[in-house]
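Just dropping this structure here.
Each chain gets a letter, A, B, C and D, in the order it is written, and its residues are counted from 1.
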């Protein structure tokens, strides 16, 4: 009963968000503020809200995706439904707070409550070890990034004597403080959107339920970083060094994530790395510093939210039916395209999603990625090296994206080749494989509750490209399509030969995670034992020693009591004499 | 004339006192005490405090020293010269006494260096008598009560012959019962 | 009216304690908890009325933007601006006055005290330590309440010291008699270390007070507030150092915190809640009320060192928590970390830092009170507080309690939107922007390290949740008497949970409270 | 007659008494030296009385009181000494160690 109540509240709230987005659509930007408190004599703390075009866009994205996810979850989640739905609703509320807040601290509240909700939701299946570990890593990494984020707020806030976002940038500000502030904010954004230095938590967050991955790790939370930079864009534009840093980080992440996605052995992990890569593309767009770069990034954010959310929901259906999203398990069902035949709707929706992701012309991904490439090309043409770097890396990423999309598509719906090096890999015609051929009959389409949101998102993935007015630069469109084909062909040929050459480096994702484990986690644990030991032995020893000296001293004084009356008398007389002398000395 | 008399008596008293404190034989020490107290009585006489001198001889020499002698007899004090009559600490005690003497002497000399005692007419017991029963009557009464209490205490203490220490009472419970029985 | 209310707040708990002790044992046992709850409930209402009434006198009207006070120099809050004042000569010869006065700083803390004691009494209605003897337990709690409220209201140094000491003996008895009933020797050692170290500290503090008296000739805080002891070196510095060390023992700063984990591990639930929730605040309140206004220049000299030790406390406290296996010891060490934050806040001597310290004081009191209640609940159900023996997958066995534990852990690690965040954030802002006469670069470095400490705090709380609440339920079957949240526990925890949310979402009424200072 | 003479005499007597009390092993000689000290005090009292010579003879009265006090004191002292002797068989101050902390 409580579960249904929470479900109603969840869906209702997300619909409310969509409604708010719709209502605010044409309205001109305005700010409202609640009561507040004055701290010290120049800081005014209050909850301030602001609505403008950017807010409407984000509200729409958040609203739509969260509605789809809430409806989808009704069919998907089976245990602890009430707490699950409550936390997803809280998450949506937090994201809305981030989107509409005009005060840096209110934004920080939404920012970190999102982190906490993602922790709780990733740890939803806390029976499983990887879910527990993934949840903790996600929260700790985002929390680690949020501390510099807080310091960035301090630097900017104290610099401009206000924490109101709309007033930031108004007062005079030394460039190096601005750069320091924006760089610190950048660290927070890199942590939250899983860019290169702090990217290991997103792939490990996949054990969480798929709707959660769709909502949090595809559409909203990770995109909050893009939203923040877009919101404070005029600040970031002034800080050139920060933009160049952003560009470098984005390009490195793009290529790193795309390469890892090419070698991943699990559907959701591929999608996770793909999300990191697509986010990097958005950041690359932002890092160009031009307004149409910002516009392209936001456009890509919107389309990415749609098709990536869709892909995660489809992966959810696969997970639901097959029990695991790893190719090793899927392999047994893909013998004769069983997945394609048994689950046609999922097949169609996933194909459109992958097409949008790969940038097949006509779909949303194609248009948004092109707008980024176009923006990059314009800045590159004006001679900025950043533009060139971004342009080249986006193009390379486009082809890599096409590679892993086609690979994913073929492996799931047509035939998964023998996975070299994967656990229990067996050849195609291995007799053993057929024996325990699971009867594919038990596979069946997800319930309509799960399919309806997927279809809605498919419409989005297909049609969103046209909402931003089709002004296509034919040359760039041609180049990106050619790149996509260049990426897709090797995937097809490899699949056709049944080979799966995965370099160990890519499979272990460049060994970044074990390195972090060795570099940070082990020393901290050792330090912890040192501190506890120190407390017990070093400081504790002093305290115990104080006690023992007391006892020893008393034992020593006891020896003075010899029991002989005359000794006492002598001592008394000596005392009197000494006092007399003292009195005499002091007296004179 | 009185100064000469006084210094003779004083010298006698001091010499006797030294012997009291250092003599090897305890009984001799008691006898030297008699001489010392006699010397002091002489000094009182020199200061015309005849009544006090007489009381001194009467009570001190007569009663107290006799009591001491009785005590010596009861505690079977050896009459032969004892080898170590003073404790290990005696040199230290001597030093302490000497320093005390120096300080007191210095104090007294500084305070009353050149005071003179005017020759006094023959003192009389009458003045002491009036004082005891006029201004000092309360301390006198209290003193009498104290004397009474002290003596009762002394009797009570020495009343129970087998008053053994509590520690020993436990070990030989039976025999105390028998001994006190025998006592009555 | 407010005078009489203040006197009532200080006197009634002690009187009730005496009445309870006077009752014959048989009736006393039954009626003690009820009487305790009623009296502490009345006191809670009384303190809220007093606060509201005090609030009415100088309405903290929230004004927007421009501050009508004009450009204030970065003054030192903590100066006593008494709103309710009782001043009676007590020991004329020592010129010690029975001077009770409360203002914006002490009133919230008094309300926190009455709330926590009321919650403890209600908790003891049903749940009491196995040893029983509820009558004396409730009486001791009420005596502690008198001591604490007296300390918060004292406006005379000696009176502050007296009430400061009154609190010790009852807490010692509570730990010694009602403590962890498995380990008698450990209980005694913990209680004795607690008392001895605190008494050592307060002896130094008294020495500092005497030095102040020698210099100024008066113990009165109101007067000392107006005419502070100038001079950053010499006697004022000696006094400041002595008082700081004395208070640092009570509010455990790093090297002097040894007594806290043992005291908490061995104390009963009710004792831990009060020890952590209220007694630690005496130290920080003392620093704000005595060190800052009375010895401003001397405090400026020792502020960087105080900040240094506080940051070490944050890091050492958090690291120690990572290696703990006992739930209550872990929460005790987390208190060391949080009090480190509050120490840093005070050391910045900036309005933000001090507002942050005061706010963190209250937030820590509520959240750690809730944490200790939960730890106590878990310990009572498993008869041990050792993580390994309690086992994992508590979500499966005790869903509500572990849910609340997760909530409390998130609140305690300073999740924004809950009470813990505002205090720490304002303290870090204060550290970024310390008073003008403090070395700014050192404070920024300390702020960075404190930020790292906040991450470590998050690390050990999540480790606690992972090792206690999560886990495969198949391996850890529910123990026999693992009944989930009982009604009394729900009633006791509810106010704390609600307050954490309210203070987290709406800090402005409270922050306005200290603006007037 | 110079007042200092009796006073000095009293001081000497007193210190000899102190030596006797601190050094002598036998308890009875200890009491005897204690008597010496009391006599020194008496001498002082009488000397000052003579020096004042105000006819009130206060010093002499007090001297008499001291003498009676000495009597009472020696009575008790000897009773205790006898008790010690009965209990332990000796009257040696050094050997009586019952007060020692075990």
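One rule holds in what follows: contacts are C-beta pairs under 8 Å (C-beta built on N, C-alpha and C of every residue); 3 or more make two chains touch, one makes a residue touch a chain.
All values reported here derive from a predicted model rather than from experimental measurement.
The chains in contact with subunit A as well as with subunit C do not exist; no chain meets both.
When chain centres are taken as C-alpha averages, the shortest distance to the whole-protein C-alpha average belongs to C. Judged by contacting C-beta pairs, the busier of the interfaces A-B and B-D is B-D. Centre to centre, using the average C-alpha position, subunit A and subunit B are separated by 102 Å. Computed centre separation for the pair subunit C/subunit D is 66 angstrom, with centres defined by C-alpha atoms.
Per-chain CA centroids place subunit B at a distance of 5 Å from subunit D. Rounded to whole angstrom units, the spacing between the C-alpha centres of subunit B and subunit C is 70. Residue positions of subunit A touching 2 or more other chains, listed in rising order: 566, 570, 573. Multi-chain contact residues of subunit D, defined as those touching 2 or more other chains: 18, 22, 93-94, 98.
For subunit B, residues touching at least two other chains, in rising order: 87, 89, 92-93, 96, 100. Those chain pairs judged to touch are A-B, A-C, A-D, B-D. Subunit A contributes residues 558, 561-566, 569-570, 573 to its touches with subunit D in the complex. Chain contact summary for the complex, subunit D toward subunit B: residues 1-9, 11-20, 22-26, 28-29, 31-33, 35-36, 39, 42-43, 46-47, 49-51, 53, 55-61, 63-65, 67-76, 78-83, 85-87, 91, 93-94, 98.
Residues 566-567, 570, 573-574, 576-577, 580-581, 584 of subunit A touch subunit B in their complex.
Subunit A meets subunit C in the complex at residues 33, 35-46, 83, 94, 105, 108-109, 111-113, 116, 119-120, 123, 126-127, 132, 136, 139-140, 143-144, 147-148, 150-151, 154-155, 157-158, 524-525, 527-532, 534-535, 539-540, 543, 547. Those residues of subunit B that touch subunit D in the complex are listed here as 2-3, 6-7, 10, 13-14, 17-18, 20-21, 26, 29-30, 33, 36-37, 40, 43-44, 46-49, 51-52, 55-56, 59-60, 63-64, 67-68, 70-72, 74-75, 77, 82, 84-90, 92-94, 96-98, 100-101, 104-105, 108-109, 112-120, 123, 127-128, 131-132, 135-136, 139-140, 143, 146-147, 150-151, 153-155, 157-158, 161, 163-165.
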